[in-house]
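After this come two complexes, each holding subunit A, first together with subunit B and then together with subunit C.
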Partner chain A sequence: MNSIVTALPGKIASVFTRLDSPYLNGGQQLAVKYFSVATVLFFAQLLFGLLAAIQFVAPGFLFGWLDFSVNRMVHINAMVVWLLYGFIGSVYWFLEEESGTEIAGLKLGNIAFYVLTGAVTIVVLVYLLIQTGPGKDSTIWFINEGREYIEAPRWADFGIVAVMLVFFYNVAGTFMKGRWSGISGVLTLDLIALAGLYCAGMFYLTNITADQFWWWWVIHLWVEATWEVLVGCIMAWSLMHLIGARRKIVQTWLYIEVALMFGSGILGLGHHYFWIGTPDYWFSIGGFFSALEPIPLVAMVVHSVYDAGVHQFKSRNHPALAWIIAHTFGNFLGAGVWGFMHTLPQINLYTHGTQWSASHGHLAFFGAYATINIAFFYMAVQKWRGNVWMGGELPGNGWKWKWAMALLNIGVLGMTVALLIAGYEQSFIERAVEGSTWSGYFSAQNHPWFQQAMHWRLLFGLITIAGLVLLIWDLMTIGKGETRPALQLSEA
Partner chain B sequence: MIEPVALQDFFITFFSAALIILSGAGYAGLYAWAKLRGNPRLLLWAYACYAVLAGATFLLARATHLNGQWQVLVGLMLTGYLLVPLGIWKLCVASHGDENPPSPFL
Partner chain C sequence: MGQTTPAWASEARWKKIAIWVTAGSFVLLVFLTFDTLSKVSVGGERVRAYSVINKEIDYRYDEKQKRFAPVIGKDAPLFGQALSEEEAEKLVMLGKKTTQAKNCMNCHTLLGNGAYYAPDLTKAWLDPGWIDAANRENLMLAFLKDPAGNARSFGSGRRMPNLGITDEEAHGVVAFLKWMSAIDTNGFPNNFKTLNTKE
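Coming up: the complex of A and B.
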């Protein structure tokens, strides 16, 4: 038994070592490890989401074995973690090329990857094995911190912060050793904010209003500020390497995006402070800045039309470009349209915490973040295979990536619309008609519109999973046996 | 401080809010396209989209009781959505200005 345990780390490492490719630099080898775990967690996210969706239509399903609260928690935690794995992997991917030097402390970065992956595995196992029990101080430290979306116990929190510090050292140290650029400057500053904000969710206060106040710093300011900027950096680098966009242009636009995103997104935080016991002025601040938040997204429409008209959409990787286009639409619809529909306090009073939020969350996270990670996976696999051709005329006319993309987008959009109908019914029946009473809650839950919407959500969830299975199959096979080299870019 | 939306105005609230963003995108997209093609007819369609946006903003303001200081929000929303596409277009032209677009592909 002891020998098995001692040999385990080596065996795990050897699994990841098999992912190494002679065409990649050190940072890219590490990035592939992050991407592979991200894909596994993406599958876990959908699997636990599916179980939760089944429990909406058949509440007795797995009751006492794997309760809805646990499924939902793992579903959302897996999403947050796989997106972070994707972002971290993307940064490691371009770090050496962007800085023009080898990564500072790469060995430490590799150790941090195994530590983080080990911690994530243990945290999920504990979630699944210890689902109920007394809530003591030790529970916060070892089982579950109890904060929605960031339930990881405190020991894992400290581990995450330590790993993020290593990641920051890798990034900042490498740029300090090599060369700085507009992208690297924005990225480094954004990582300070990203890591710092996580600390706001690590302490516990007995006053629930004060506790929620700081908790939203992590949830909102990650998703609607620092993540958007991080994705902006990843996108800027991707566009240079995908369609040959010039550095001067992408950097200029990165600065504009940072100004618009932070200008509207930071105080847009106010739309989470409407009902948690904070002062009334948050109604005005939250309402005002929430109305401004879609402006950067509308601005992107102008630039997209400009680029589409002035440049031809010639790219060296068609699947990646298609996913980037899906990102622009998904971000606009999910974050912009779905967000603004229920963000003013006059209507949010009714929609807050209903399936409206779930509808917005599904489309916004997929559109804004999952799509960009998938685009990067395709860019990575292209080089991993030896920088092979991934333009038009792929074998089978590229049916796998096209169908995977169609199924994933149709699935998520279908779930979004189904949840929208359920949320509308809840806002109307439970909140407005029955005044948020306990009986109103059950009236809304048992209403035919809600029930039917949950069946449709399950169906579209299955379509989403089918899309993911096809996507994974495609990522594992695309470019295999391809002998044509990728289109080469001239020096910008 | 705020007066909640009346029950009968639920749909109009969601619909007008969605229409603001969609017509805002329509205005921005058509404005850019009109400039790109030098087509004044497209510009008219862009302004038609903006008129829809203004109408939707009015509907939303009425349904959500945006009175008093909230009217500042309405004014800023209309001004912002009118001017941002123009500003972004100018930035596009300026930032791509010295670009002589040879294909970046070898």
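Coming up: the complex of A and C.
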């Protein structure tokens, strides 16, 4: 028994070493490990989302075994973690090329990867098998913190911070050793903010108003500020790599985006402070700045489409470029338009705490973040196979990537619209007509409009999963046996 | 392409703008954070002292503010026993920790935040579903300790699972819900008729 346990780390490591490819640099080997775990967690996100969606139409399903609260928690946690894995992987991917030198601490980076993956596995197993605990600090430390999105118990928080520090050391250390650029400067400063903000979610408060105040510092300032800037950096590098966009142009855009993103997003935090007990001056601050939040996202659409057009859509990697374009539109629609639609306090009084938020959440997280990670998966697999051809004229006309993309986008958009209809219905019936009592809540939940929306959401959820299965199949096979080298781009 | 870049599009200029805008916004946020935290400290007008659970709490339309606001009334000790501020804090803390430990937020919303599978708990203490103030405490305790057996599904088929909430924890949760219902949430939820209004 003992020998099995001691041999386990080696065995696990050997699984991941099989992902190594002679065509990759050190940072890229590490990135592939992150991408592979990200894909597994992406699948877990959809699977547990499916269970939760089924419970909306059949409430008895898995009752007492895997209740809605558990499935929903794993659904959103798997999402947060796989997106972070994707971002970390993407940064490790371009670190050596962007800095012009070898990664500062590859060994440390590998250890951090195994520590993080081990911690994530334990956290998920505890979520599924232990689920809840007594109302004591020990539960918050070892089982579940019970705060949406950052449910990970406190011990895991420290692990996450330690791993983020290693990641930060690798990023800053590598650029210091090599060369700095506009992209790397923005990236490094953004990572300081990203790691620092996580600490705002690491303490217990009985005062729920103050508790939610700090909780939003983490959630909002991550997803509506620092994550957006992080994907701005990733997109800037991707456009240079994919279509040969000029560094000067993408970096100027990056600075414009940072100015607009942080200029609107930092104080846009105020839109979470309308109803939690905080002073009502947040109505004006939150309303005004969050109304500006879509502007940088419009800039990103213009930037990517214009640049791709200037280069006649000639790219080294068609699937990746297509997903980058999907990212800019998805980010604009999901985060920008869907966010704006219910952000002003005059409408938010009725939409707050309804499926409106779920609708916005689905399209925004997918459009802004899942898409760009998928683009990176394609860039990674291209080089992993020996920097092979991934332009037009792929075998079978590239039907797998095209269908995977279509199914995923149709699936998510369908869920978004279904949830939006449910949200409209709740805003009217539960909030406006019935004044948000429990009986009002259930009148809205029992209404045929709501019920139909939940069935449609389930159907489109299944389409999304079909898209992911096809995507994984494509990632495992695309470029296999390809003999043509990748398109060479002259920087113009 | 290739012509001289106009000044408004220069990389160096946008870099400066990005730095100044970010720094300025962050400084403003820090200032507002200090101000907000001082205004939402426990015992103030917005977030009441924990001992507010010794009082009658209602939620009514405020003509002056043109929105709904909590109203603190006469003495009405929770479970029939007036508590000191320290005792009340201890009880509310147990309730708050229990709501976290039982992962309430992944079905319910609190102050409108959370998941949307079960009703909002912001004004749960005042919900007309408890019918009258006299039986409310006992109904709430019984429900929390055996939610599946005392299901309040309103015809939806959804039930709260048994989460192993102890008697002590249930008392804490009720205290926490009563205290939370007294928070001034700027009129959210709008047009909410409490069980007192119904009477």
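Definition applied: the second predicted complex is superposed on the first by the 475 of 492 C-alpha atoms of A that agree within 3 Å, B and C clash if a C-alpha of one lies under 4 Å from a C-alpha of the other, contacts with A are read in each partner's own complex, and residues count from 1 in each chain.
Criterion: contacts are C-beta pairs under 8 Å (C-beta built on N, C-alpha and C of every residue); 3 or more make two chains touch, one makes a residue touch a chain.
Because the structure is predicted, anything quoted here is derived from the model rather than measured.
Counting residues of subunit A touched by each partner, subunit B versus subunit C, the larger count belongs to C.
When the two complexes are overlaid on their common chain A, residue A:Gly135 makes contact with subunit C while staying clear of subunit B.
In the superposition on chain A, A:Tyr114 makes contact with neither subunit B nor subunit C.
In the overlay built on the shared chain, the residue A:Phe68 is in contact with subunit C alone; subunit B does not reach it. Applying the stated contact rule after C-alpha superposition, one finds that A:Tyr350 touches each of subunit B and subunit C. Within the superposed three-chain model, A:Phe340 lies in touch with subunit B and out of touch with subunit C [touch as defined at top]. In the overlay built on the shared chain, the residue A:Ile243 is in contact with subunit B alone; subunit C does not reach it. Judged by the touch definition given at the top, the superposed model places A:Thr252 against both subunit B and subunit C. Using the contact criterion defined above for the overlaid structures, shared-chain residue A:Trp456 touches neither subunit B nor subunit C, since it reaches no partner.
Applying the stated contact rule after C-alpha superposition, one finds that A:Asp280 touches each of subunit B and subunit C. Where the contact sets of subunit A with subunit B and with subunit C meet, they give residues 248, 252, 256, 280, 283, 310, 349-350, 432, 492. Interface of subunit A with subunit B (complex): residues 243-246, 248-249, 252-253, 256, 280, 283-284, 287-288, 291-292, 294-295, 297-299, 301-306, 309-311, 314, 316, 332, 336-337, 340-347, 349-350, 424, 427-428, 432-433, 487-490, 492. Per the touch definition, subunit B reaches subunit A in the complex via residues 1-5, 7, 10, 13-14, 17-18, 20-22, 24-25, 28-29, 31-33, 36-37, 60, 63-66, 69-70, 72-73, 76-77, 80-81, 84-85, 88-89, 91-92, 95-96, 99, 101-106.
The touching residues of subunit C, when paired with subunit A in their complex, are 1, 5, 9-11, 14-15, 17-18, 21-22, 25-26, 28-29, 32-33, 35-37, 39-42, 46-47, 50, 89, 92-107, 109-117, 119-120, 123-124, 127-129, 148, 152-159, 161-166, 169, 172, 180, 183-193.
Against subunit C, in their complex, subunit A makes its touches with residues 52, 55-56, 59-60, 63-64, 67-70, 72-73, 131-137, 139-140, 143-148, 151, 182, 186, 204, 206-210, 212-213, 248, 251-252, 255-256, 258-259, 262-263, 266-267, 269, 272-280, 282-283, 285, 310, 349-350, 352-355, 357-358, 426, 431-432, 435-439, 441-443, 445-446, 492.
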